[in-house]
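Notes follow the structure.
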Amino acid sequence: MESMNDGIGVDIAFLLLATLAVVTGWRVFRTDSMVRASFFLLVSFIAVGVIMILLAAEYLGVAMFFMMAVEMTVMALFMVMFMMNPAGLNPMNMVHQERIAIGAGIAGFLILGAMALLAVFPDQPVPADLEPVRSLGNEMLGDSMLIFESAGLVLLTTMIGVVVLSSHRGRYGAAAEGSMPPGLEPGGDPAGKPEEDEAGEGEHHHHHHHH
Amino acid sequence: MFSELFLPVLMVIFMLVVGGYAVAVLDRLVASALGTPQAGGIWLAPIARGAWLLIQHANATEAPDWRAWRLAPALYLALAAGGLAVVPWSASLVATDLVTSVVLWGSVEALATVVIFLHGWSANSLLALIGGYRYVALGLSYILISMFVLIGVALPAESLQFTQVVASQEGLWNVIRQPLGLPLFLIVGLGMTFWGPLNLADSTDLAGGTASEISGPPRLVWDMARAAMLVAFSGVAATAFLGGGLGPWLPGPLWMSLKMLAVLSVLLLLGRLLPRLAPERCVTLMWVVLLPLSFIDLVWAGIGALL
Amino acid sequence: MAVNWLHKLASRGSVPVFPVLGKQGDGALRHLALSPQIELVDSPRHASVLLVAGEIPADRFEPLRRVHDQLPYPFTTLWFRSEPWPHLERVARIDDLDDLPGALVTAHLELMEGCRGSTHRLLPDEPPNPWEGEGDFGQGGEGMMGGVPYGRPMAMNMADDIRDGLTLDSLTFRLGPFFFAFPPGMAAEITLQGDLVQTWQTQFAPYPQSLDDIFFNARERPVPIAEVELARARHHLHRLFHALHLAGLENVSLRTLRLAHGLSTSSTLDGLRRALSRSGFFRLTAGGGVLGPEQARMIGGSAARAAGMADDLRSEDAGYRRLGFSPVCQTAGDTHARWRQLLDEIDQSLHLARLAERDRVHTERTGSVETPRGPWSARRPADASALFDELLPGLEWGDALATVASLDVAGVADQPVGTRPSGESRAVRGGTGNDV
Amino acid sequence: MELFALLIILIVVLGAGLLVQWLPMRHQPRPRWSQRVPFLGGGTPDSHAWSRYHVRYYSMTLLLIAFEMEMMFMYPWAVVFVETGKKAMMEMGMFLAILSVGIVYAWREGVFKWQ
Amino acid sequence: MTLATLLLLAAALIGIGIYGALSQQSFVMLMMGLELILNGVMLAAVAFWAFSGAGAPEGQLLTIIVMAVMAIEMAMGFALVVAVFRGKQADMTESLTGLKH
């Protein structure tokens, strides 16, 4: 009785969530407001996250919420920063090669869908007594230690790369500025920088990327 | 069926209403204790204010993002409900005992940032917009601190479940075992509800910030949601650091309520005693001072758990 | 009926009032801040009564109409010491400060119970630009950035960014003259990029402020120093009250106001000072706004002394010299230094007042007097709000407003505080015990 | 079952939040244009507030994304911490070291200041 | 909810993602497309883990790695956008070619 209920409930929930994920995923490219686009994508991620929880991947599903909430907030910030007409007050369509894109999208869906339907995958469900989080933890501290460690280093590299690329007063600008207490020069001069520095920075970026 | 689905729903809604009211009353009590006289009955004032907001018409701006503007307060309220749902009142009485409830609370914090930003953004008005953006700077800074601190309490529990976290405090509460944890977490609480010193979203220098353009029922929901979030936060803080429903003589839920009231009082008091931080300093403070402190807390918790 | 009890309940709460300040309206504001049944709000959206306090000059009528229309339905207005516009129907005018809180409560009560209808709007129901039905999608805009979608143009990139060279859109707007964080009456045209002030042009100077008549008397005849110094301390405390409200320290700001209200030679500042430094007001809140020597000279007074200039007309007065007066100074010249300076000066004033009262010392020099706003010898301290134009660009919004609050820029009016607010000052006078 | 209860709680409360706003607002007329002007203390804006807003802390947000990813690894690690013992402790040391290097570097570069 | 339906959902998300990544002119919107593709990939990975991986932890680990890739892609992508924009005041994909010389 209980499991019966659960079974139907799970199916209904899955159906609703799947629809939500696809519809919001589609709306991402069909809305004029950049903020809405980012948060539609967030909803799509959250729907997938809930499906993951339904699949007993409790940790991954919930982690998806916080990871994606942060990533999509940042996404929204940057979208608004760099896109003209960020709120879509004037409706617009900023696409190129749309036909090819639609074709590629449909082709991708058909090929992958056919694989999903036609290929035979082994039927080995998660054992009932498995604790997904614990097993993941053990894996990370056991066999996959190397992946875990290298991920840490890669992320450190990312941090440094991000700072070098995005920061105005970069390492080759005035690094000392970063360690000075906040506070402006007398007369309220902003902490902006002279022109030469900017040019030097730009060059550095190109240089860095070249390697 | 009833006990598994409807009871939790009723429980959480009851908590939202009672808790929200309790926050409003408690805040007025704190204010009058600090020397700001309150008019009329402290007990009636929140209800009278709610009635007034129901009568006042909702404001509009020239071209708001209507859906987002109306959704944001309701979503914030729903997030508070989600937080309250994972708070255990005793070993068995918990609305939803998710295996990863600690992570879920982390998600509530992250999503709260999204919702508050949306609230500031959707009004299409300058002061609200600045409030929303300012809040994101804060929201993205405190979330790491909160995660480290909560991972700290998960270590001795060997679980990401709040009921297990409570069980692990049978001998000694985390507030003593990990002395840095609770103070750091309280700062997170002020941030989440943009209360007092961390009120960057709805601050006075922005004429109310994200709330500067709203009136009437949307404002009522927004204020209620904010109070409910404080309640949810105090529930989590009491669970993670004060042993939840553990305690002699009294039944678990009562202990829990008392501890939540204690956390709430401290938060409301801090909110009225400290001036609002400048956003830039706030970010630096979070990353350069509080985050390293939360590292120390985690190491402390780790050593404590192994010994 | 259900609606009825809802309305009845709503009338039981505190009255949310949005104050619009005219000339000498700030006294009413401070009076209301201490009335428990009145809640002063920062945005008209949060108010049910619009209070017009003091006479509004004709050039600020248009902004007043705008603010008037921004209160959500239902709302009502009340005019305090100001003549209501003739085309407003059923508007109450109040002249006695003591009646004001009661009148506001009654107005709210009547509004909630339905015996008073909501005030009618003043401006026509039109968008800032006609847009409906125009443009590619009927949204009023053209192309990507053109036109006036929904009645307003879109923000554009107007000037290069002054901090990090990443030039994005800038927002230009006019703020005030009824923005509570500004000195009463001030308005500015501001351009922001992000939350950073890019340009700032003061459009309306703040109303000249009326000083206590003791400063006017002191120019003509010797007056008791105790009285001068108490008036000075009270002036400074009133400014501190506004700044603390802006910093979110509601309780301490009211405490400051109460201190100012009951100020006498036996008052001390220790409790307030302790509360402020414990709360971290000097360390945690916004800083910035450093005055250069030229700027400091221009504004004069305590702001100049906070920037390290020991100019004070009191040093030239024999009466003060007998009391051992020497000016206190700070060096940093920023917002925090100004607040420290202000506290030190209040302390000093209270100290001088105590000594002067004991020894019955009077001022000896007439013709020039150090007002709380600055030196007044040949000319009255003039308006210095133009200072903001050079001081504020480059500051973050919160820092900019904190700087505005920390500078006393308004000039001095040619009249002393007019009809003295009945409660406020007279009680204080009685307390000093050496009334003229 | 827990998940369903949670979902129902969220939906019910969300619905209640919307209902409280919608019910009283059904019969209210849309406010007049003169009321809808954004509040600027009597002043007016030149343009819509929505714009390419200069987020002054953008480098901090990028740093956070990388940080957040590390958190992703830490939760499962916390669960097995006690049973793994010393090795987990070392692991934590490494992680915190990496994060600290990241913070110190970013701080030195002025990432946490308003750009 | 079976493996096939889950994979279909994943395929649909990937399909939409491909459309987005190919059609959008703006670099930031293009990244949205990539994210959506990765969303589908993560779902597929979890589905395999749940239905045919016998609960092997590698399935979960794969999802985490995809997420890490996503985070790194986003962080580096935006940092590049900032760097390019500072030079050229534009964010179109075409401008990125300027970096290749």
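For clarity, chains are labelled A, B, C, D and E in written order, and residue numbers in each chain start from 1.
By definition in this document, a contact is a pair of C-beta atoms (placed from the backbone, for glycine too) under 8 Å apart; a residue touches a chain by one contact, two chains touch by 3 or more.
This structure is a prediction, so every number in the text was calculated from the model and none was measured.
Shared contacts of chain A and chain D, meaning chains that touch the two of them, come down to B, C, E.
The chain with its Cα centroid farthest from the Cα centroid of chain D is C. For chain A, the chain with the farthest CA centroid is C.
Chain D has its Cα centroid nearest to the centroid of all protein Cα atoms in the structure.
For the pairs C-E and A-B, the count of C-beta pairs in contact is higher at A-B.
Chain B and chain E have Cα centroids separated by 33 Å. Taking each chain's centre as the mean of its C-alpha atoms, chain D lies 21 Å from chain E.
Centre-to-centre spacing of chain C and chain D amounts to 35 Å, using the average Cα coordinate of each chain. Chain D has its Cα centroid 14 Å from the Cα centroid of chain B. Residues of chain E found to touch two or more other chains are 64, 67-68, 71-72, 74-75, 78-79, 82, 85-86. Counting partners per residue, chain A has 54, 59, 63, 66-67, 70-71, 73-74, 77-78, 81-84, 87, 89, 133, 136, 138, 140, 151, 155, 158, 162, 164, 166, 168-169, 182, 191, 198 as the residues that reach two or more other chains.
The set of chain C residues touching two or more other chains comprises 43, 45, 72-73, 127-128, 149-152, 154, 161, 163-166, 168, 171, 173, 179-180, 194-196, 287, 396.
In this structure, the chains touch in the following pairs: A-B, A-C, A-D, A-E, B-C, B-D, C-D, C-E, D-E. Chain E contributes residues 1, 3-20, 22-29, 31-33, 35-36, 39, 42-43, 46-55, 57-58, 60-61, 63-65, 67-68, 70-72, 74-76, 78-83, 85-87, 91, 99, 101 to its touches with chain A in the complex.
Those residues of chain D that touch chain E in the complex are listed here as 58-59, 62-63, 65-66, 68-69, 72-73.
Against chain E, the residues of chain A that register as touching in their complex are 10-11, 14, 18, 21-22, 25-26, 28-29, 34, 37-38, 41, 44-45, 48, 51-52, 54-57, 59-60, 63-64, 67, 71, 74-75, 78-79, 82-83, 94-98, 100-102, 104-106, 108-109, 112-113, 115-117, 121-127, 130, 132, 135-136, 138-140, 144, 147, 151, 154-155, 158, 161-162, 164-166, 168, 198, 201-202, 205-206, 209. Contact residues on chain E toward chain D in their complex (touch as defined above): 64, 67-68, 71-72, 74-75, 78-79, 82.
Those residues of chain B lying in contact with chain C across their complex are 31, 34-40, 44-45, 47-49, 51-52, 54-59, 62-63, 126, 130, 133-134, 196-197, 199, 203-208, 211-216, 219, 272-281.
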